[in-house]
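Order as written gives the chain letters A, B, C and D; numbering starts at 1 within each chain.
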Amino acid sequence: MTAKLTLRSLAQSFVVVALFAFSSAHAQDTIKVGVLHSLSGTMAISETTLKDTVLMLIEEQNRKGGLLGKKLQPVVVDPASNWPLFAEKAEQLLVKDKVAVVFGCWTSVSRKSVLPVFEKNNGLLFYPVQYEGEESSKNVFYTGAAPNQQAIPAVDYLMNDVGVKRWVLAGTDYVYPRTTNKILEAYLKSKGVKSEDIMINYTPFGHSDWQRIVADIKKFGSAGKKTGVVSTINGDANVPFYKELGNQKISAEDIPVVAFSVGEEELSGIDTKPLVGHLAAWNYFMSVDAPANKKFIGEWRRFIKNPKRVSNDPMEAHVIGFNMWVKAVEKAKTTDVSKVTDAMIGIEVPNLTGGTAKMLPNHHLTKPVLIGEVRADGQFDVVWQTEGLVPGDAWSDFLPGSKDIEADWVKLKCGNYNLKTQKCSGQNYE
Amino acid sequence: MPSKHPLVELIAGERGTAIFLAVLVVVCVIVPVLHALPESSALHLSTYTMTLIGKYMTYALLAVAVDLIWGYCGILSLGHAAFFALGGYAMGMYLMRQIGTRGVYGDPLLPDFMVFLNWKELPWFWHGFDMFWFAALMVIVVPGLLALGFGWLAFRSRVTGVYLSIITQALTYALMLAFFRNDMGLGGNNGLTDFKEILGAPINAPSTRVALFVVSAAALAFGYLACRYLTISRAGRVVQAIRDAESRARFIGYRVERYKLGVFVFSAVLAGIAGALYVPQVGIINPSEFQPINSIEVVIWVAVGGRGTLYGAVAGAVLVNYAKSYFTAALPEFWLYALGAMFVAVTLFLPRGVVGLRKAAPA
Amino acid sequence: MVRHVALWMLIVALACQAAVAADNDVAFSDALAALTTTNFKAKEQAASALAALRHPDTRATLQALLDGQLYYRRDDKQVLIVKEEAPADDLVRISTNNQLRKTLKTLIAGFDLADSSAQVRLAAVNEMLRALDAQGAAALRAQQEKETDSRVRNSIRTGLAIVDLDSEDANTRLAAVEVLTVSLNPDAYNGLNALLAKREPDARVQAAAIDAVKRIESSRSFYGAIETLFFGLSLGSVLVLAAIGLAITFGVMGVINMAHGELIMLGAYTTYVMQLLMPNHIGASVLVSIPVAFVVAGCVGILIERGVVRFLYGRPLETLLATFGVSLVLQQIVRDVFTANNRPVETPAWMSGSLQFNEALSITYNRLYVVVFMLIVFSALLLVLKRTTLGLKVRAVAQNRAMARAMGVRTQWLDAMTFGLGSGIAGVAGVALSQLTNVGPNLGQSYIIDSFMVVVFGGVGNLWGTLIGGMSLGVVNQLLEPYAGAVLAKIFVLVALILFIQRRPRGLFPQKGRAAEG
Amino acid sequence: MNRMLYLEDISVSFDGFKALNALTLYIDAGELRCVIGPNGAGKTTMMDVITGKTRPDAGSAWFGQTTDLLKLTEPEIAEAGIGRKFQKPTVFEQHTVAENLQLAVAGNKSLWATLFAPLSAKQRERIDEVLETIRLQDRRDIRAGALSHGQKQWLEIGMLLAQEPRLLLVDEPVAGMTPQEVERTAELLLSLAGKHSVMVVEHDMDFVRSIANKVTVLHEGRVLAEGTIDDVQADPRVVEVYLGQ
């Protein structure tokens, strides 16, 4: 069965190669869609799923008769979890293959790496992963959550509904946790939390020896005030972290851990028993009981030929992004990037949790924020969700550097307009 | 041999070298010309392709550096990517400073990543990098000094063979961990990116790319010839003598440590230069360049090409990287098998690499 | 459906009893109905209401709710306890969240106070102490009177003492402080500090409290030190386990096996597969995995030796490269067979949780077992090398190849065996690691450098060196971590190692005679 | 009298085994000394001490009046004027015969010099001379690895000469040589004596007899007997030792 998996992925890559050859001949009556996700290397675990998602969406669209009367044609490349290679492959997609749009990237560093390429060649990128914000490029649409669409509501939940008074901000040492924690720290202080009630801790990627840190958390949590952990710990480091929590008898009832990077896909690789009751904040959960979601999961499992395969938040982001792009292209009646980007603003498509996602002038989305408790079966029980949708905020109001910065591609025509100096700094596209 | 004029000997003394230099010159002329052709022309060479070739050249230079230390001096360094990355960072810091107020926060002094981690002022080691000459100097000094310090300790206490290889690996590993830390003030995992200008020229402009390409080619030629000179000089013979029978060389009266150190440092500097040219062309430098596997890959380029022959190293670098970018595009799952097989096959069946296939191999 | 224990029916039955009971039942059914809301706060109130009724079925109901076995019918909101896995569609599970579960546990504990078994009572008391409110305290006081079991009485005493710290009467406070002087319960510590914070009027209490805090702090720091030491040892054992196989292949044979990490990885995956094969005996599967992993990794090791390494004896650098290639291939194979995702390896019950010495010091079982396991593996290996003929020959070859061959040792066969042994041990290490960290294709890489460091640091070809080397590295790392943080600690250790090796290229315990030098 | 080498009370022990045991031995300028002794007598260890390869646990080793060998590294000792030929011929097999000699030839051996300064005319002459003496002129440009065993032995001696040392340490020069080669080597060594001091370690008694005027017998790390070959062979202790083994 797993063997089959490989065979298929091999086959797929062959198809892709074939398509390359095919494309040159029939370039004119197809629209090329670039897929820029790592299929090898450390990020392959997460990104391969997104590649398959896009391929599925393209297949469906073609079944519906394509777009503007043309068939969509995927162009898949493998940046191999290598950041400079991301830039190189992006340039290849834009310059050599001349794709109309690119769906891709997971890590912030990969996005940062391709950003200049997209801006120079006026490409169009849909970025599907929750991230630290502090960015709004003319050529990028951010379909994942901004910090105010994940971190802050989660903290509100812990503060108001769980009554957490003491905070541990634990994260892997890279830009997303750093920024998120900076934002949260400022936010908590603005809510009157004293700095001795905040503990911040950073660990390297794939950190595996958590005894000391968990013990410290336990000590920190035994000061008589309700304590909560906000975890921006990334990927591999999570398993040993939760195992250690379980073993040191830190139950979710005493010290709940809310994670921003642990979703269904990640849980599928973990023995979830020690996690039960711990929390995650996302804009989508597979367990959400909505018709759109049921339908999507069904199609996904059919496409991937695995009745047990899970879905997750970044997949939803790609679904939304793709549908929005299709709508925008139909509206603009062309795939010309500038026209499409203009058309994108204000586009609304249904999300998978029964709401509607709207593209805002700052290239971010409106999203619902859901808090889920981990179940023994690796799924989440939604225990809380925001009333209505939260508009994504590119520039956090809680960071001194970005308080005065505003992103608006309609009125200001700028991704980082400084309200104080009235200047649009950065991002020069000559 | 002594009859020939040394310069002739240097350039044409060896068939491989002659061929390599000829090819390099041709490429260095043809590529910019083709690139200059209008887009419409069938022969037009895109900036993308040219930059790609430029990147391969920096790899080739790195490979030459490794071949010098491994092929001729018998020191298997599994940490050369570290010197490459350090050179890259030095250049990256310069490019960072060139962004000036064009960063997203428009801060005249601080790079963006410092602003949103709300650092207040520039860390001391960032000073001076706004001047190109200083950065250029650092490209040489930083890797050089590291190599000097490390090599001095290592060779003086006669750490050799696999021990040396392992601690060089530990060195680059430690550096990787260090650079991943955001507290280092070098951008952490994201590293340095979003460059705008180099020496006042927009970094993405085709003309700049041509310039970078030519400079890379020149650097490769220079580095190659320098190594070639070293290897055919008497010093070169001594170095090879050390490789073959270290203690004997000592008894003849050679200060083995100094020779090793000299070559090691020089090789590190070459790696640094390669890195410095690599960064502006790929547009980013970050800690994953320090990954131990990168260093090992460089070694395999050399092994595939044929160690102990500088042009072999070049050939290997280009060959393996081309194969890599082909396979990762065509069938990603296959790449690691291919790479792994290469390691085994070369060491078992091709000890002298692909160039070894051609020449009559004396044991 | 029929098999469902339908509370409703029960309740109807009960209704035909005495009138007093009847209106109790009515209240009960009302409270039950209140549970069907989606609002967790409301559910909590409903649950407390249920508990207050002390109805015979309350406990069962609360327990069911806690275990997620309480459902209600969509149409008539009838509440049922459903024990089977996948109930019919018209049933909606009454979901819980952390706070609700916590409340439930406390409520249930209230019932268990009356339980006959002292064990249950103790658990109940401790449960109640997690969040002790006025009525809980009252219940405990009542219990304290009739409590027979000493342990239970003690923990009640501590709990009540913490409450009494806020009492009006100075003598009560004094008594409470005296009780708590010996306690390591964090709440006690916090309580005492709070007492001092709101400047205690009574001098005697004040003094007693200060003294108590001092004592608690001193004993805390003492146990803290022990804890750190243990952390160091457990980390050290992981390092030793990972490195000990290398101590054989590299140390004794002088072969640089870069695929060593991948052999560990294979061991870990073996554990995963064993769990797939015997899903109902997780505990046993781990034990079974040990020999299996040894064989699997050992065989792969022998393959590597026969297929690659043996052609490269005397060329350590080439061996290094070739085996590195092998490691890449092994990783990719694993990716293709098990996919790139991490695989979930369950921790058997007897390996999870921790050994509680007192409220200040507890040691997690999995770490404890790893330490023990490491010692067993180590001594077993020592035995093999010192006592068996294989070991004798191995050491002979390590000392002097040519001589050994002259003495009629079949070095070819022996090399294979030795390499297999080292690899097998690596596999066994993998079983242990599968209980601590991710089981994924990158498992090996994260240990290879550390392993080499340990071996080289300890002194090549010297098992004891590896043991002491690994242990000391682990402890140093853990001692540094609180001050330097995880990353810096690791960097310091690495740099220190690099310098050390240059001071003493032969490691802590240099090997006599022919050393494995490249 | 002017002495070249002073070894006094040198002791070396490996893991308890005393390789040299308070060895005392002097070599005069221009002398040709043969050192004989059964295996494990400490001959090679003695050479290791002199050339700085092994540091003694006790004792002193002086070269001339001024240079304390125990303070110098191998290259420094070599520079000071002590050359050594190993028991098993070790020439640089990848290099040509000429290159081997170029490597060995006396002169500034610093990195800078070898990197930028070509061989001086004098050095070239010297090399040709040596090639002459060791009779490898016609082989000058073939790889040393391709030489016959005897030729390698000579090449190594040649390298020794090119080094222009004041003291030559020659370890088993005629091992595995044809009689003619042996004879030839004997002449060579004899011709060297006078200009240089030579210390030869050898098992082959006839060879020793053919060259040596003074012989030192080592046994269990100390000097057992010293004198002309005849005295020594007459010495009962020596006989005992040799018959003993």
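Simple rule for what comes next: a contact is a pair of C-beta atoms (placed from the backbone, for glycine too) under 8 Å apart; a residue touches a chain by one contact, two chains touch by 3 or more.
All figures in this text were calculated on a predicted structure; none of them were measured in a lab.
Engineer: If you check the contacts of subunit A and subunit C, which chains show up for both?
Structural biologist: Looking at subunit C and subunit A together, the chains touching each of them are B.
Engineer: Taking each chain's centre as the mean of its CA atoms, which one is farthest from the centre of subunit A?
Structural biologist: Looking at centroid distances, D is the chain farthest away.
Engineer: Return the distance between the CA-based centres of subunit C and subunit D, expressed in whole Å.
Structural biologist: So the centre of subunit C lies 66 Å away from the centre of subunit D.
Engineer: Just curious, how far off is subunit C from subunit B if you go by their C-alpha centres, in Å?
Structural biologist: Inter-chain centre distance comes to 45 Å.
Engineer: At what distance in angstrom does the C-alpha mean of subunit D lie from that of subunit A?
Structural biologist: A distance of 75 Å separates the two centres.
Engineer: Just the number, please: Cα centre separation of subunit A and subunit B in whole Å.
Structural biologist: 35
Engineer: Multi-chain contacts only, two chains or more: what residues does subunit C have there?
Structural biologist: Touching at least two other chains: 336, 487, 490.
Engineer: Residues of subunit D that contact two or more other chains, please.
Structural biologist: Subunit D, residues with two or more chain partners: not present.
Engineer: Could you pull out the residues of subunit B that touch at least 2 other chains?
Structural biologist: Residue numbers touching two or more other chains: 177, 180-181, 333, 336.
Engineer: Can you list every touching chain pair?
Structural biologist: Chains touch in the following pairs: A-B, A-C, B-C, B-D.
Engineer: Touching residues of subunit B toward subunit D in the complex: what are they?
Structural biologist: So the residues of subunit B touching subunit D come out as 230, 233-235, 237-238, 240-241, 244-245, 247-256, 258-259, 262, 362-363.
Engineer: Spell out the part of subunit D that touches subunit B in their complex, as residue ranges.
Structural biologist: 51, 53, 73-75, 78-79, 83-84, 86, 90-95, 99, 102-104, 109-111, 114-116, 118-119, 143, 145, 159, 163
Engineer: Contact residues on subunit A for subunit B in the complex?
Structural biologist: Touch residues, subunit A against subunit B: 6, 9-10, 13-14, 17, 39-40, 44, 77-78, 80, 82-85, 87-88, 91-92, 95-96, 107-109, 112-113, 115-117, 120, 132, 134-135, 173-175, 178-179, 182, 202, 204-205, 399-402, 405, 415-416, 418, 421, 423, 425-428, 430.
Engineer: So in the complex, the part of subunit B that touches subunit C is made up of which residues?
Structural biologist: 76, 150, 153-154, 156-163, 165-167, 169-171, 173-174, 177-178, 180-181, 292-293, 296, 299-300, 303, 333, 336-337, 339-344, 346-348, 351
Engineer: List the residues on subunit B that touch subunit A in their complex, please.
Structural biologist: 46-48, 51-52, 55, 101-107, 112-113, 115-118, 177, 180-182, 188-191, 193-196, 202, 204, 282-284, 286, 288, 328-336
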